[in-house]
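Each structure below is given as structure tokens.
You will see two complexes here that share subunit A, one where it goes with subunit B and one where it goes with subunit C.
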Partner chain A sequence: MASRASALERPAFRSIGRSLLLTLPIALWSLLMFTPTFRNGSRALSIGAVAVILFMTGLFFLMMRTGETYRWRRIFFVALGFLFPIGFIASLIAERGTMSIPISRMVSGDTPYCFMVTPALILPAAFARTIVFPGSILPTASNPHSIAVMIGLWFAFTLVLGKAWCSYACFFGGIEEGFAAFSKRRRLHRFVTRYGSILRLIPWAILLCVVLLSAALFEPVYCMWLCPFKTVTEFPAVRNVETALQFGVFVTLFVGLVVVLPLLTKKRTQCGFFCPFGAFQSLFNKINLFDIRFDREKCVDCTLCQTSCPTVALSKESIHEGKTLLNCMKCGACVDACKKDAAVWHLKGTPVAVKPERARLLFLYGAWALATMFGGSILANSVATMVHWLPLK
Partner chain B sequence: MKEDIVSRRMLSILAYTGAALTLAVAASVPFVLMGAFSNAVAHAGLHIDAAFSGGTVARTINRGAFRIVVYQPVKPRLLERIEPFVQIVFEPVDAMPARVSEEIDLDGDGQPDVRVGFSVPADPNAPLHGDVTALNGKYISFAGVGGESFSRMVVRAGKQIVVRVPLNRDLARR
Partner chain C sequence: MAALSLAASASEALVLGLTTGPVCMASCGPVVLPWMLVQPKGMWSHSRQLFLFLAARLAGYMVFAAAAWLVGAAIPREWSGRSWAYGGIDLLLALALLVYAAGWPRSRRASSEPSLSLVEIGAAPRPRPSGALALGFLTGINLCPPFLVAGVRAAQLAHLSGALFFFLCFFAGTAIWFLPFLSLGFLKRTPAVVTVARMVAVLLACWYGFSGVSLLIERTLHG
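And now, the complex of A and B:
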């Protein structure tokens, strides 16, 4: 990717002292978040917590020092995407010896809640006061990730992040961002650009189908038939033709949308062209105060921003209007790619391109604080799991 | 012109106030906000769909050391794909004999409706072999099923044995 702000190409954005000063609140926040781990956690968890504090604080420092957002955020996000399954699968294997979830655990409410199913729950919850998911509403000893806890967490995050949930909190997105980053060449670029306007509509169509079918059938249709990430988390135990078919769909979607297509296109294809939860999350961009805007006086229509966008959240028309599309997840790729400083962070209600760094800082403090709290604890847990595996005495 | 500048300034002040509030919200997430939203969901009067939870308890039958909890029949909604069923829970597993065979009155009319039999292996992860014999036409017999579907199962779930007996669809509608 053509990155304007590479440390090799231009002088540092800020002095070390000023960058350290701006990083101090995040360092203190990280310490605060992991204090209970140091008090009550195991030695392995404490090691994980120290590693995460250094990791998250270090990345924030680099964001401050270089003025770049995307590549440092991506390091965190890819680490989250690849380490989350390690910790999660290890806990499943330790607990039940398999990644598959047997029917006995579903009927006893032991399925951990996944935020991806949230849109499908709305209609049955509103009209029948029923949750069509085999979890438990309140946390239990065998299922701390209950529905109330996870929806509470998701909603609080959404108020702060809007659609940026997809680039600062969603551990699934990190997996495909990782595969997209592996590839050096961008293939199928013309296809993606030409048909972008149609491809962008697919997640909305899937969202509509999933919401209506879940309400009609009273079952979590996305979880049961369409979630690619079941492949790297847990899936219903194969016990008949239907569950075998479901497993086949999960693996096919994972390989196609999360591995192969991101490798080919350098885009987050599952997020951009499939994920119904991502489409649902886009709606919260309307109430979020932060966005990315384009200074039309500086823009030379080079389309570097459009090329760099991982989820096709920019079109020529939207750039002409000086805006991103509704599905922008505020990852910062376009801002970092723009050689003319035309793409800028923006606080709604303020003039465009006036003090964009202030808008970036205000957004990043909230986003990084929550990323440290949620993603950081997942990372610490995964690191602790790996420490357990090490032959250390 | 002057009014325009004033309104723009007012808008900027509002925007920065909103941004400061967003930061305050972010800082309060782990301490207040997450818990508050979780409590709101927990007290919203929602319940897990009966296909997963088994529905509501009808009555409890004591059998000395262990007890049998009989649930209300669960009938599918218009397009729901499950068969109608009745859930029966035997608990606690620790207090049960090695082989359980019980005739159970499911509808509360004083007459037994099904005979449920299963062995209780000492190993909680060992497969459970059970069979259900219907004693009238309202219920459907099955055997040797560990967890085939949400409507017919004999499975161990923690300290409970969960049995789901399918109801005859035609009779269940009445």
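And now, the complex of A and C:
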């Protein structure tokens, strides 16, 4: 990632006029996304929508103007990560009076669907025609975030963007990226570099375990036992030793993987070394349209890109081969960090390092459209919640 | 008349096995999959390991069928030691998975590549029949729901031979569902695949261990 100083020293990548012109589609897309909110939403929600339109359009303009991706994307992503729990928890408290999920809500299928459980649904759905999640398949009045809607959205964007979902849409990843950004020193760097090849296999092992156990037990094992983000969203009510143990696991994983380790390593440790959904998402990096490639003629093997990668998705061998590993989230950190312009955005099927900015633009339009639609609505909701809290009349 | 009764029993057991087979597969999958993933690539080695696994599973079935018939239908329903059996089998499965997870990497070096730790940890194993046999037998006596249904039915039969025959047919019905595991033979074996399989075995051992211990504690506390 480029430092603030180098970013300021760097001459403007594009003129203001041209940057504005390139930002226009995103501005129009944002307006389109929030039109129903302006028509039907409350005053607080409209304020939230205006704030989000300005925020998202402004960040995209800065991406166009400076030519940097990671820095501006991170601002959005961290805001999403930290604001999502505010809106979500507030809505839970307002509706139920508690963050815990009552059994009655699970039985009636009113639990909002979380995309993290998607891989665990496949085997039980295929062999037993059973969805092992207490949500409704089609949208209902009380639960618009149904399984079909969420999986449809996720699948459409994943086909185009691959694992970029984890850097532009996941409302959990921003929390640890925020903690990673707080830290100034990069500790445990040698450990992460040395054992990176083993550490990045752990999510695959957890994915296999979760899929197999969910099929064997007919329950979403990840949600019941392993999700660190239950700590900042909703969790089964603590009523006995088992649920107390579950809650203990959630909190331990959250503190360890989302707070402490990102602070120490400046890496997204939960995403890189734990998240089974991330591993599942990596599979789609094989078939999506975009990737990051390395121009071997320009590369001087300085490993700045490898150091800057927040999820250890680069190794010396992969850089030597001119590509990233399968778990690349397309956050753009390596491209921005490279001082020789050897790391480039790439549209599959086209020559490497030929018009990489065109590939970046095409990718960013898709990714930012997703970010605005998915994350933007979450941000607007959270801003509206905070507006409600303001002592204004 | 006897032949007709035998045919009726066989068809009933076969259909029961076929219909409940996916549940059996899901129940045994966590044990079979990591084991198969560490076998060398190729249909022959996978067929051999799966055959050994299923044979041992059949032996487990037969032991259970004999026990069910001798003690009667009370075993699955009201037998007070059921939790002990569940917990004990879970702990044995955990132990077996840990033993074989620890043993897998030491068996053989997968390649001559000098890439240090990953190759060491993820080396392909020498096929060991004892692993498939132990894991197969333990899953064979694991009391999964379809197995209990078959146990109740077998206990109602007049002769021990009838109960064993019933379980043999039930086994044949469920075994068909294990054939998709042979497709893992086509998967390319890299050190990473073997390492992941080993990690999976350790994580599942933790799960079975936790499940077994909590069952035994529950049994001790609540009787």
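We adopt the following convention: the second predicted complex is superposed on the first by the 386 of 393 C-alpha atoms of A that agree within 3 Å, B and C clash if a C-alpha of one lies under 4 Å from a C-alpha of the other, contacts with A are read in each partner's own complex, and residues count from 1 in each chain.
Heads up, the rule we're going with is that contacts are C-beta pairs under 8 Å (C-beta built on N, C-alpha and C of every residue); 3 or more make two chains touch, one makes a residue touch a chain.
Keep in mind that what you see is a predicted model, and the values were worked out from it rather than measured.
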Pick one for A:Phe157: touches subunit B only (first), subunit C only (second), both, or neither.
first
Thinking of the overlay built on chain A, is A:Phe127 touched by subunit B (first), by subunit C (second), by both, or by neither?
second
Under the stated touch criterion, which partner chain does A:Phe13 make contact with: subunit B (first), subunit C (second), both, or neither?
neither
According to the stated criteria, A:Phe247 is in contact with first (subunit B), second (subunit C), both, or neither; which is it?
neither
Subunit A: partner with more touched residues, subunit B or subunit C:
B
Touching partner for A:Ile206 - first (subunit B), second (subunit C), both, neither
second
Check the residue A:Glu219 against both partner chains and state whether it touches subunit B (first), subunit C (second), both, or neither.
first
Once chain A of both complexes is superposed, is A:Tyr195 in touch with subunit B (first), subunit C (second), both, or neither?
second
Which holds for A:Pro351: it touches subunit B only (first), subunit C only (second), both, or neither?
first
Which subunit A residues are contacted by subunit C in one complex and by subunit B in the other?
124, 128, 216
Help me check something: in the complex, which residues belonging to subunit A touch subunit C?
123-124, 127-128, 195, 197-198, 201-202, 204-206, 208-209, 212-213, 215-216, 242
Within their complex, subunit A touches subunit B through residues 29, 33, 97, 102-109, 124-125, 128-138, 142, 147-149, 151-153, 155-157, 159-160, 216-219, 237, 239-240, 289-290, 347-351, 359, 362, 365-367, 369-370, 373
In the complex, subunit C touches subunit A at residues 22-23, 25-27, 29-30, 33-34, 115, 117-118, 121, 192, 195-196, 199-200, 203-204, 207, 214
Quick check: in the complex, which residue numbers of subunit B touch subunit A?
8, 11-12, 14-16, 18-19, 22-23, 25-27, 29-30, 33-42, 44-49, 51-54, 76-81, 125, 147-150, 153, 155-158, 160, 162, 164
